[in-house]
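In the two complexes that follow, chain A is the common piece, with chain B as its partner first and chain C second.
On to the complex of A and B.
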């Protein structure tokens, strides 16, 4: 038995919530599928329902997003499927989209006339000597532990990279009682400042969005946390777990490291559908191309939020609204003219937020600061493929060809983590990257067999 | 033309004998069916030849001589190349679950033995002694001691390196734009270069018919989209090649630990804007194929059920109008050789060796069964 919907939305973050509310207002039968049990996305990653966290997401930066989440959760006419991964997306010969979704309880299939992918982003994985030692996290992973479980993963944490978000995460860690030994920026302070000034005019209307970083700096100063610039991390040391980081200016003892070089869009589902993609911002990864209604190159397949390029939660919210009206108009639930009137303010809002996102991209540009790889540095940690194995086949061949002979990208993560590194090493702007394959997440064979 | 297993291995053989050879491919070498197939070395008569009547089975049986050569070619390939290709020949089992399938196995094995292949019938008990992972439902198996698998990821890559070292000129990412026949020579043009050759080989898998069209020739090879599945890496449990005589299954475990599960289940070929099959987009997974394929795997080896699937991939191979490979010189076009059409991994090194030998002037009777001359009528009004 296959459930059918007018619209299936992949991802319950701000983009998915905004689109679902719009579509539900238009009386379209809508389902939202998410890997987390509860809505919120990574930005508002919720603690389990049995947890009580006083002051959860109380910071006023989050207020519009919390308000959206509360409205979404109160809307019982939207069908919510939490704790499920969409592992397959295809178009049936009758034109409907078929989604294969899996959970620990097994597999199910749903069909939908239209699909919106708002699957968010993940931390850019950056290989460097020692990065696979226990105790090394992505900074976003640390933040997820903190938001959802109140876990502080160390007492002497070092955050390192190029993205200013590490200031916020460091501040959240110390406010939650964690110990942060240092925050290391690879780039000089001046570079960040200059990029900020150069772009301040075009991003002028959004400079207030940068205030949380200023507040975070104050918090870190109050707690005596060192923030170093021009201190690119070179290696992580330790025998069976993290003990220290080496940066250009010395060594810092620590018990956990959070790497923060930026974020890359989740792209496996649009790529599985052969939607047209573009190389995303300086951090790498793939953004799905879309038109002014957020429709991808595949008719009926819409994209919103970070799937279209990493630009933050507020831009995601705006694009979710636009996609909702776009789908509504295509399905005849609202006239195109009326839809255009209703999305005008969301489009204007999104445009200015995208300007700010580009400013942030420039400030956080990791490209000049990627740590040097040693021969034994693992590039693909799923399949234990070291840089020494990849180097000899970097002769102009494609990412798929390197994958074939080295196994780089063949493992459990389907190349999500190593692909940006490999594409960087290949340095060919026309390489389409790994062919996306089913399933987007590993799934037990017994769940799939007839 | 075609930097797959056959193209690279033919070049390697010819260059070793001192011939001047160039290999062209529109993409990277080994990225078509040569690298996408699951690496079976199967020497028992294939199930696909048994499901379409006696005449085909009879004809296919006559390819057994090629299988015997292939066993010997694969046995010496790693030594010849001085490299590890993860070739294992620990034996293969073609299992049966019903009385009807047992009867089919008996017939098949009788045919094979008559052609000198060492296959033998074993009962379910013996099958499980050899392969303890097999289900209680298996009542018999055809056992071939020579079957096994090789790492399809590495074979073409290694042969290309060997061809390069012996002096063959390798041109990956060079699409052939035209082929002209000028007097007794062929002139092959790419965007940047031009090559004159006294003999050419078209071994472009599913693209073979396209390339032959540049010479105004028909080669009746049809593209076929297949499905293969890879599990996560697990401890070594399946040292054999496992096939099924009545259902579509081939299963083996790679050197790295992944179980590869396939067996000829279809995928859906993509269509271009004009509604014709296109070879330039990957075929789509057909859910019923996927589910059916994995079901057979669990029925044959129940331990598969709890392992995670990490990837289903689709690839395009080519099948000929009569299911047998097409390998040899085109009668209407002396000096133009073609090779393709199924079983081309298992038989690839052998085809390459025999083509190289024939191109050098020594006629090979072994290739007669697969010669393109059986389709000569298609080119009665073609060529130049």
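On to the complex of A and C.
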């Protein structure tokens, strides 16, 4: 027996929560599926229910998101399926969408009249010599350890990259009692300032969003944490684990590294459905194209949040509201005119947040600062494919062809880490990247056979 | 590695089996968190190099472990530790 819903939402972050609440208000039967046990997304990655953490995410930056999360969790009429991955999405002959979902207990199917993909983003994986040493994490992963597990993965941590978020993460680490050795920005301070000033008019209405970075800098100063600019990380050293980082101005001893070059959309499900995509911002990755109601090029398949291009949690929240009303109108639960009235403020809010996101993209642009690869630097972490194996076979080939020749992209992450690097090396703006195939996450063949 | 303790109540102490050894962990923390407290190195790659977790959000697969006796392959960063779990990194 397959469970059926009016709407299935993939992703329980701000976009998914906002859409689900809107759809539930409109009396549509809605399910939200997420890989995490609890809702929140990465921005509010929740601690286990057995933990008590006074003051969790109480910084006022997060207040609207925490309020949304509490409302979502209190709404028992929304069906929540946590700890499940959506590994397949297809359209049935009767027009319904069929989703294959999986957990350690096996696979099952659900169907839905409409689907909203709000699957978030991941850190852009940037290869450099030594980046596969234990103790090197994506900065977002390091932050999630702190937020949800209350673990600081080192006593002398270095954050390095181009994205200003690393200031916030460093500040959160030291405020929690962790030790941060340094924050290294690849770009000169002047580059960041200039981008800020050039865009100050369009960012003016969102200055408050920039305040957390200013406060983070003050926190780091108070704790004596070095923040270096024009100090691109070049290599990470160590034998069995991280011991130091080399940057253009010297070496810093450390026991953990967080790499912070920006974020790319999770795109496997829309690509599996052949929705129209665009190359996303300077960090790379693929954003799903959509109309003013967040409907993708596939009728009935909606997208919201970072799936449409990385723009932050508040923009995700706004787009989730828009998608909720868009789906509600398409299913006849609200008139199109009334829906348009209700989304007007969310659209205005999203537009202004997108302007700020573009400014942040410009400040954090990693392109001039990607570290040089050595022959033995692994580009594909899953299949241990080094740059020396990839470099000689690039000429005239597509990403798919390089994958077949080298196994780059064939491993457990299914190319999520190496695809942006490979596309950068190929430098062909028309390359569509790896073909997205079922299953979107690795799954035992025994589960598929039953 | 450092489990912060200031003002935080974790779940109850339980034991799981990790690569055949009994290990004290907190109920509900992720297997990856419990593993990282032991060592940031989780496995050796095909070149014999030590490797650890990378993304901590279910994307990279670097923390994939096997649950015994069923043999399910799971991403340790997504799975909460529960009493009696038997986990192997091979």
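One rule holds for everything that comes next: the second predicted complex is superposed on the first by the 450 of 450 C-alpha atoms of A that agree within 3 Å, B and C clash if a C-alpha of one lies under 4 Å from a C-alpha of the other, contacts with A are read in each partner's own complex, and residues count from 1 in each chain.
In this text, a contact is a pair of C-beta atoms (placed from the backbone, for glycine too) under 8 Å apart; a residue touches a chain by one contact, two chains touch by 3 or more.
None of the values given here were measured: they were computed from a predicted structure.
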Inset, instruction - In the overlay, answer first, second, both or neither for which of chain B and chain C A:74 touches. - result: neither
Inset, instruction - Going by the touch definition up top, name the partner, chain B or chain C, that contacts more of chain A. - result: C
Inset, instruction - In the overlay, answer first, second, both or neither for which of chain B and chain C A:274 touches. - result: first
Inset, instruction - For A:123, select first, second, both or neither according to whether it touches chain B, chain C, the two together, or no partner. - result: second
Inset, instruction - Would you sort A:444 into first (chain B), second (chain C), both or neither based on which partner it touches? - result: both
Inset, instruction - Once the structures are superposed on A, label A:177 by its partner contacts, choosing first (chain B), second (chain C), both or neither. - result: second
Inset, instruction - Considering only the touch criterion stated at the top, classify A:151 as touching first (chain B), second (chain C), both, or neither. - result: second
Inset, instruction - For A:214, decide between first (touching chain B), second (touching chain C), both and neither. - result: neither
Inset, instruction - State whether A:53 touches chain B only (first), chain C only (second), both chains, or neither. - result: second
Inset, instruction - Could you tell me if A:417 is touching chain B, chain C, both of them or neither one (first, second, both, neither)? - result: second
Legend entry - Set of chain A residues, in rising order, touched by both chain B and chain C: 411-412, 442, 444
Legend entry - Touch list for chain A against partner chain C, complex: 35-37, 42, 45, 48-55, 83, 85, 104, 122-123, 125, 132-138, 140-142, 144-145, 148-155, 176-178, 239-242, 256, 266, 381-382, 384, 411-413, 416-417, 441-442, 444
Inset, instruction - Under the touch definition given earlier, write down the residues of chain A that touch chain B in their complex. - result: 88, 90, 98, 100, 109, 274, 383, 396-398, 400-401, 404-405, 407, 410-412, 414, 435, 437-439, 442-446, 448-450
Legend entry - Contacting residues of chain C [partner chain A, same complex]: 1-4, 6-12, 26-30, 33, 36-37, 39-42, 45-47, 49-62, 64, 67, 70-74, 77-80
Legend entry - Footprint of chain A on chain B - complex, ascending: 27-31, 35, 153-154, 157, 172-173, 230-232, 256, 281-282, 284-285, 287-288, 290-292, 294-295, 297-298, 304-313
